[in-house]
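Look for chain A in each of the two complexes below; its partner is chain B in the first and chain C in the second.
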Partner chain A sequence: MANTYTLIASNTVGSGGASSIDFTSIPSTYTDLLLKCSFRITSGGFNYATLTFNGSSSGYTARYVEGNGSAASSGTATNAVVLYNSSTSTTSTFASTDLYIPNYAGSNYKSVSVDTVTENNATSSYADLFAVLWSNSAAINQLTLTAGLVQYSTAYLYGIKNS
Partner chain B sequence: MTNAIEINCATGEVIERPLTAAELTQREADAKAALDAKAADDKAAADKEAKRQAVYAKLGLTADEIAALA
Partner chain C sequence: MAAGSTYTPIATQTLGSAAASVTFSSISGSYTDLVLILNASGSTGINVLMQFNGDTGTNYSSTTLGGSGTTAYSARFSNQTSIEINYEGYLDSGFNTNSIINIQNYSNSTTYKTTLDRFNNAGLGVDAVVGLWRNTAPITSVVLKTHTGTFATGSTFSLYGIAAA
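== the complex of A and B ==
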């Protein structure tokens, strides 16, 4: 049972914004990874930042359930799984996401649980749960999130051990 | 907003650099794929609901009866 959390690295986007946040050389010394994100972009509409491991854009399959304030739905996805707020969201609010990767350094395919919600002072706001499979046996040593992020978007990467 | 932020977890070094042409292309392809997948799911859900409503109409159910089935 994982019971220790260690902050590996974090980043707060600066005044120029950023198109991606890329954690490289992730150490393999933990059992699990946890990424906590707070994201907002400049343009309109709700959508998703994409997640990639080790620079690979293939091998991702996902299932999700979603509520949007008026209806519930479910479906399939690939690696676009991290919600962000946008210009249609309440000013200065950010979407919040937890992304958990157990056994990230193992030699089996990798599973990822994503709990992601937008924040909006209106009826329309999204809450999604994703179950993601990355069909690749390589140990994860790089994690990239891609979206046109505004200043003060943040990402915190934690390593988790069982002792 | 075409800069990438790289954080080296081993050294703590943070580098901000322009995206490469390949990264820009991939970024656009990923965004389009995500939008297409979402649109397909939304259409499938709308089609299913339309079929459900058509069945209710054929059966001649009242709104209260449809609500009771939900």
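== the complex of A and C ==
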């Protein structure tokens, strides 16, 4: 039976922390990519890690809907789309994210789905849904998430093949 | 999700010409859940509708949570002839749209069938939709169709089966 859901690479942040997680040389042999993240940073409040493809910082647009435990809102963004927990979050809690990229190796612009939530034993926490577009027709061969991540933050990149 | 045989491609369709609908038929009952991935283009402002087993009766309902980029919204549709898998995250030109549709426990013959989908258009909106088909029959076919207009050439639709064991 076909091996259609395959771990391409994983990254677990070590004791020194990391300023980013970078997946390079992503093969084009799959149809879609799925990234699963568990993130926390050393300081600050809730915010977003930035997503970049192929080292490019331009061409990103996004819309989101967000709930924080008391209200829902919607807005626009560029590539700051992956939530992380911070030093103000409950100890040992990490934010969770699923990021799905269909046809990542194709020649159309890349449309991305992001479901991202923080974890927090407090009144306020966040759940966001993002629609992201990278207006670039290049095949994605590198994916980078930038934030000051603490030890035990993780990211797993899977390839999904439709045949 | 473990790698390998629990997540299996069933069929993929890439449109060679514009079409108003895409159908997956003769779906095996040997999986537990279905996942349908859409990456499509079309005329601006198109809603995408989903039906099962050729049922065009008023046996569908859905609830949407979403955002337009300025406003968060929720909408409810009862006794519909299809599940509308988007709300303000319409299909438009430029392959800006994707959707991930989960169809849970599709092959049982006891319960009504529920769906959960995400629909994404970074230029128009983002939606999460829960759908219901009030029918206990196992799902053997799925049709996705446009409310008006067509899916563009090159639009892709991939159906996967997930087996619990």
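Side notes on the structure shown:
Following the convention adopted for this analysis, the second predicted complex is superposed on the first by the 160 of 163 C-alpha atoms of A that agree within 3 Å, B and C clash if a C-alpha of one lies under 4 Å from a C-alpha of the other, contacts with A are read in each partner's own complex, and residues count from 1 in each chain.
Going forward, a residue touches a chain if its C-beta (ideal position, glycine included) is under 8 Å from a C-beta of that chain, and two chains touch if they have at least 3 such contacts.
Everything numeric in this text was worked out from a predicted model, so none of it was measured.
Model built by superposing both complexes on chain A: chain B and chain C fit together without a clash. By the document's definition of touching, of the two partners only chain C reaches A:Ile160; chain B does not. Using the contact criterion defined above for the overlaid structures, shared-chain residue A:Gly148 touches chain B, although it does not reach chain C. With the two structures brought together on chain A, the opening angle seen from the C-alpha centre of chain A toward chain B and chain C is 100°, to the nearest 10. In the superposition on chain A, A:Ser73 contacts both chain B and chain C.
Touch criterion met: A:Thr6 reaches chain C, while chain B stays clear of it.
In the superposition on chain A, A:Ile26 makes contact with chain B only, not with chain C. By the document's definition of touching, of the two partners only chain B reaches A:Asn47; chain C does not. In the superposition on chain A, contact is made by A:Gly17 with chain B only, not with chain C.
For the overlaid pair of complexes, the smallest distance between C-alpha atoms of chain B and those of chain C rounds to 8 Å. When the two complexes are superposed on chain A, the residues of chain A that touch both chain B and chain C are 73, 75-76. Residues 1-9, 12, 37-39, 41, 65-73, 89, 94-98, 100, 118, 120-126, 128, 154, 156, 158, 160 of chain C touch chain A in their complex. Of all the residues in chain A, the ones that touch chain C in their complex are 1-7, 31-32, 61-67, 72-76, 100, 102-103, 108-109, 111-113, 115, 129-133, 158, 160-163.
Of all the residues in chain B, the ones that touch chain A in their complex are 1-12, 14, 16, 19, 23, 26-27, 30-31, 33-35, 37-38, 41-42, 44-45.
Chain A contributes residues 8-11, 13-14, 16-27, 42, 47-48, 50, 57, 73, 75-80, 146, 148-149, 157 to its touches with chain B in the complex.
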